[in-house]
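Both complexes shown next keep chain A, but they swap its partner, so chain B is in the first and chain C is in the second.
Our next item is the complex of A and B:
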């Protein structure tokens, strides 16, 4: 289970950087770090990030139910995505 | 004048639904009752007088609509504020452009509570408060014959906040007559008719949201279904259940919807789809054509001018095209000396029309620069072809368009330059991988200082709304001299200015 979650974490971080065109190295973004420390969490950014997560993991995230606290922390977000249990295996995604 | 126009529409279609907001459905006749009751409350209980301004700090909701027509009815100016702004941003505006009261909601009121020195608490009209709620929704039509104030044609109905490039917001005023002229002309260009159903998703604090999503349909006896916040599945549900016929959206909304797994018939009721606020990439318009059989038509306009042009329904999809001018709007393309450019030649777009502002409030020097021979200089660069079709190829003015909201680079630079150890900053718009404009800050730091992205974000958050915090932050030892922020940005062409600078580094790394 740990490896699935680790894989989700890596992918969530990459989706964040790619979907918002952030100029950050992946390794420079800590999983426990609050996202609003590195970006402005405006509604457009949240919208784009969620849309990209849904596409990446083939899931549906109800934005109205999504608490902002989940979006602040990549680990919490990865747990949430895992709980939706629709994440395809890591081998489906490019390195 | 505006309020009288609503009453005339209500006299023709009293029982038609004007407004749907969740479970609230308001007919035209009932809307006029509510407008009258709220106007009377503002005038009699708050003693507002013609010429004063009322701030609106609300999401799209029925109370905004009632409030807008109510202030117009007593000759008071509606001044909408972006609901994402922080108290410090609101304060700098209100100090320069005072408001006599603010209409807001319980959820959003917090910044105003901190500005008590400028707006006393009893002037913060929270829509959930019993006396305000009662004035907004009277139980009967007993007050319906109250006349209010007959606004003069040239009287100002709306003060729109717009950003420049110098760190100081500007106010573009629109008269009653200008607003009605704009709605008439756009109505003609689009073919708006009574009973047609609009989805109002563009925020009403935005020129396009207020004028085209709210005012335009209500002038014509159409119905608006308001949406407070974009959420893709709820958007699709609202379109389906209300059989929405007119969509006015932004490229970002089209993109997010295009990414969803939706049926080809999801938007089968839609007759008109206008995309505005930013250029719609050609590939995105083609995707909507192919997947949903919807011709997304670009709408081009500004807070200063109202709607300038719209792509015709039968025009081929062309990157950069913004269509033909709406009726009564004149478009010219000028060279730097003010001479007329030949068809097909690129120059600055200037426009003249009845929906235009008379000039920025309290900015005589600026007004002398932005008007030339009665034409407003848009700051956009483009060309006209022999069919009268206007295309935009770039931008002359120094501004950033983030998701359809104009952001002032000077404001961001001034905030970042307050940080210790920062020698200078340039903020500019760059295209992301999907051809949306995002904010980039290039920051010059002294040799002895390490600065990190996190410090910049934290600092910006103290002074700026979240959406103004730069997404791309670069640290340099010297800002390149040619980085003026006035770079031309192509509408509909690809650009990849981000590619070479993807690493966050401190300047001394």
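Our next item is the complex of A and C:
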């Protein structure tokens, strides 16, 4: 499970750098860093990040999770994406 | 440090705007006294007054305001003349100027009516193009209603809310008011902002760090968001390259226009519907235009630069046609007059 999460975290980091055309190397972006430290509190950039994340992982971030508190924390975001990937699609859930 | 800021507000709550007194202002201005009277004794009395009395109040106060507001009239006139150099304005400029002062007063009384919880006496005489909004909402990606600062928008929003179309308003929590003194700015500005919040209710302030996210969430839930396209000062507060305003010729001036909402529209896939509301509580009309034909394929940058000038030109033509209904004549402080 740890490997999956680590892989997600690497991809989240890459999506962040690519989607916002950040002028930093992947290795310079620490996992523990929050989005504030990297891009400030620009909520428009956050939207672009959300769109890129959803495309990369084929997910839709739930309405109640669309909060800066989650999105600014890369580590928590990776956990959330992992939980979405682990959950069975709604259509597969038995009635 | 910016002149104002919003104290960190928990998500979904209304932020409190903290005003720093501007040392260039006089300590006291006549407007401070008028606002003091309006916000306290008159607002409290108005809560008990029948709506008919408001109309009487309008008739009594209008001639006084016509005499007292000479500096606002001068600013309106200057702005109208600048526009007339480039565009045709059918009505006589003096008539437009006097009409705008009358509408300022009417809007202040309409706000008092809206502040009453029941808010009876809103007479919508016509709604056109509602199908455009319904079609957009049926697609499930929400709709941005785009308008200028016309006097009737607050009453129209309330009417739409009652019809089952709740709308999130995006507003500057610290609107510029050059005519207020330092005492008014210190003691009356915040109560005024809270008073406006009591009227508008469903709103997000541009100073809120989660403003964009809240707009996006509402659209993603298939909801409606109202944006003022002519919010020039607000556009200048943009804190990032992506939100940088686009300067365009507008009514004889060069004026900044917000671009952030266009990027949100591009990312969310929502419809952008021009909206025009005219009149006052005694009789008003609401017109939805066909959704703007915007091409999303070329990316957000192209989406903004290709789409925004057309929307601005459309708004400009509406203002010229209904000059007495646009409340920002003479208030566009950040505009540069065209040579």
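In this section, the second predicted complex is superposed on the first by the 83 of 95 C-alpha atoms of A that agree within 3 Å, B and C clash if a C-alpha of one lies under 4 Å from a C-alpha of the other, contacts with A are read in each partner's own complex, and residues count from 1 in each chain.
Criterion: contacts are C-beta pairs under 8 Å (C-beta built on N, C-alpha and C of every residue); 3 or more make two chains touch, one makes a residue touch a chain.
Computed from a predicted model, the values in this text were never measured in an experiment.
When both complexes are overlaid on chain A, chain B and chain C end up clashing with each other.
By the touch criterion stated above, A:68 is placed in contact with chain C alone, chain B being left untouched. Contact with neither chain B nor chain C is seen for A:84 once the two complexes are overlaid on the shared chain. In the overlay built on the shared chain, the residue A:51 is in contact with chain B and with chain C.
In the overlay built on the shared chain, the residue A:22 is in contact with chain B alone; chain C does not reach it. Ranking chain B and chain C by residues of chain A touched puts B first.
After overlaying the two complexes on the shared chain, residue contacts for A:43 are found with chain B and with chain C alike.
Here chain B runs into chain C after the superposition, and of 343-351, 397-405, 451-459 or 487-495 the stretch doing so is 397-405.
Annotation: chain A residues 40-45, 47-48, 51, 63 touch chain B in one complex and chain C in the other. Within the complex formed with chain A, the residues of chain C that make contact are 11, 209-213, 216-217, 220-221, 239-240, 242-243, 260, 263-264, 267, 300.
Taken in their complex, chain B has these residues touching chain A: 84, 229-234, 252, 256, 259-260, 402-403, 432-433, 438, 453-454, 457-458, 460-461, 464-474, 498, 501-504. Per the touch definition, chain A reaches chain B in the complex via residues 18, 20-25, 28, 36-45, 47-48, 51, 54-55, 60, 62-64.
Put simply, chain A touches chain C in their complex at residues 40-48, 50-51, 63, 66-69, 71.
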